[in-house]
Amino acid sequence: MQTRRETLKHSAIVAGLLATTGLFPQYALAAYNKTAFEAKSLAEVLKALGAGAPVESKDVTIGGPDIAENGAVVPLTASTVLPGAKQMLILVEKNPAAMIAMFNLTDSVEANVATRAKMGQSSDVYAVVIMADGKVLFAKKEVKVTLGGCGG
Amino acid sequence: MKASKVFSLLALACLASTAVQAQKTAIQSIEEYRAMLQDGNPADLFEAKGEDVWKQKRGPKKASLEQCNLGKGPGVVKGVFVELPRYFADTNKVQDLESRLLTCMETLQGFNPVDIAKTDFGKGEQVIMTALATWVAAESKGMKFNLSQAHTQEKVSFEVGKRLFFQRGGPHDFSCASCHGQDNTRIRLQDLPNLTKNPGDGVGFAAWPAYRVSNGQMWGMQQRLNDCYRQQRFPYPGFASEATIALAVYLGVNSQNSASIAPAIKR
Amino acid sequence: MADPMRIRAQVAGDKATVRVLMSHEMESGQRKDSAGKIVPAWFIQEVTATHNGKPVLTAEWGPAVSKNPFLQFVIKGAKAGDKIGVTWKDTKGDTRTDEATAS
């Protein structure tokens, strides 16, 4: 009986082979936006992406803890109820580089992503949504980062 | 300066610096943060690796660990974690999970246990050891601790562990009890459970192995106990040493009937 | 080859919530080792998710995504039995693809 592990291994090999044939271009991504990932502020990130001026919006939500016990792992969610969201960004303002991650959405997924970020210090965090019509909307919240103690 | 004095000064400083109201909110916020991390514990990755490695033919004898006896018969993994440490007749000693895995890696696979015990945590075969311990613990998740104290050696081990727990020494004259010997103690924002009695479900002994987000490392109980000694400015007692096993017996027996949440996620 | 990902795809109604754990150091390039030398950056840069072979989400990540990264997203129009694939590629050019079945 083929175990789940073996099935997964086979899938991995097949997928890898498909990617190298060049017959499935969807496996190749657009060029990585290095400038955006080196930008130090929301304004700089948006400039690097060629996006317009951001407007704060109640229709965008940034989810996260009020206090993170350790800055190494801070769970953050970005979401919007508005239809037509094309890209979603998660930023931590006071990090050496502001942008944590950029998500390119299709119609097949909800505008609702979550990941975990490293935060160097207490800071505002942003969820930014770039709409199909070019509008840029954001929400922000403060996340305090603290060192909890000794290792338990 | 006596440890107890340092301690009370620390406690006073913590209390004085924030109003009681603000403290409560901070603790609640931190509990929310911990709850947010529960779903999607990177310990899962180590658990998957452990399950994989258990079945792999490894070592000089090119054998798997599938015949390893962790206390409930060869190859039985479900439920063993909450009965360890326990006495094993074949080695004639009380063993915890990791020392027992070491025995199996030696006898079934031909590995050199001294080499593995000397290897730093997070390196070489210790990575395998941690993955195995994570998976075995996961196979008992939610079950209640039920350590045996029937055998004389198990009783002796408990008494040795208890004495070790209260034994003060080292440059700060610390003992385990300095941090874990009373209720309502904490270091900065880290609550310290009282381990001289049953600390309840998923606390203390019931929470390791755990994935520590602060350093992205998976820690087994052996690493936790050895590192506690390092924090007391003591040298490591040693991987799978009699001292760490005795302490585990003391902590485990105190946790009787509490539910294990291992592998957990921790700051 | 890197350790496998853990992918769980849970169906509720006509949506599948996908949760992924990836095994990766995600070295930021800001850390110093015990000798005081900078540990070079090494992190996942690109992530692609597919639903029955069709790409549904791509992402670009920077070094500030946490070690052993977690990703959660929701696929619309999914049902039990659907195949969910996730691929990552890192700064060294290493790549990993894993698949799970929605249930």
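Each chain carries a letter (A, B and C) given by its place in the written order, and its residues are counted from 1.
Keep this in mind: a residue touches a chain if its C-beta (ideal position, glycine included) is under 8 Å from a C-beta of that chain, and two chains touch if they have at least 3 such contacts.
Note that the structure is predicted; figures quoted are calculated from it, not measured.
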Chain-level touch network, classified as line, ring, star, complete or other: complete
Of B-C and A-B, whichever chain pair has more C-beta contact pairs: A-B
Inter-chain centre distance, subunit A versus subunit C - centres from mean C-alpha coordinates, in Å: 12
Subunit B and subunit C, separation of their C-alpha mean positions in angstrom: 30
Geometric centre distance via CA averages, subunit B-subunit A, whole Å: 35
Per-residue overlap in subunit B, given as positions that touch at least 2 other chains: 213, 216
Where subunit A touches two or more other chains at once, by residue number: 5, 72-73, 75
Subunit C: positions in contact with at least two other chains: 4, 66-67, 70, 72
Residues on subunit C engaged by subunit A in the complex (per definition of touch): 4, 15, 26, 28, 30, 45-46, 48-51, 54-67, 69-77, 85, 87, 89, 95-100
Residues on subunit C engaged by subunit B in the complex (per definition of touch): 3-4, 6, 19, 21, 23, 25, 66-68, 70, 72
Touching residues on subunit B, where the partner in the complex is subunit A: 26, 29-30, 32-34, 36-37, 52, 179, 186-193, 212-216, 227, 231, 266-267
Residues of subunit A touching subunit B in the complex: 5, 65-70, 72-73, 75, 144, 146-152
Residue ranges of subunit B touching subunit C (in the complex, touch as defined): 39-42, 44-45, 48-49, 211, 213, 216
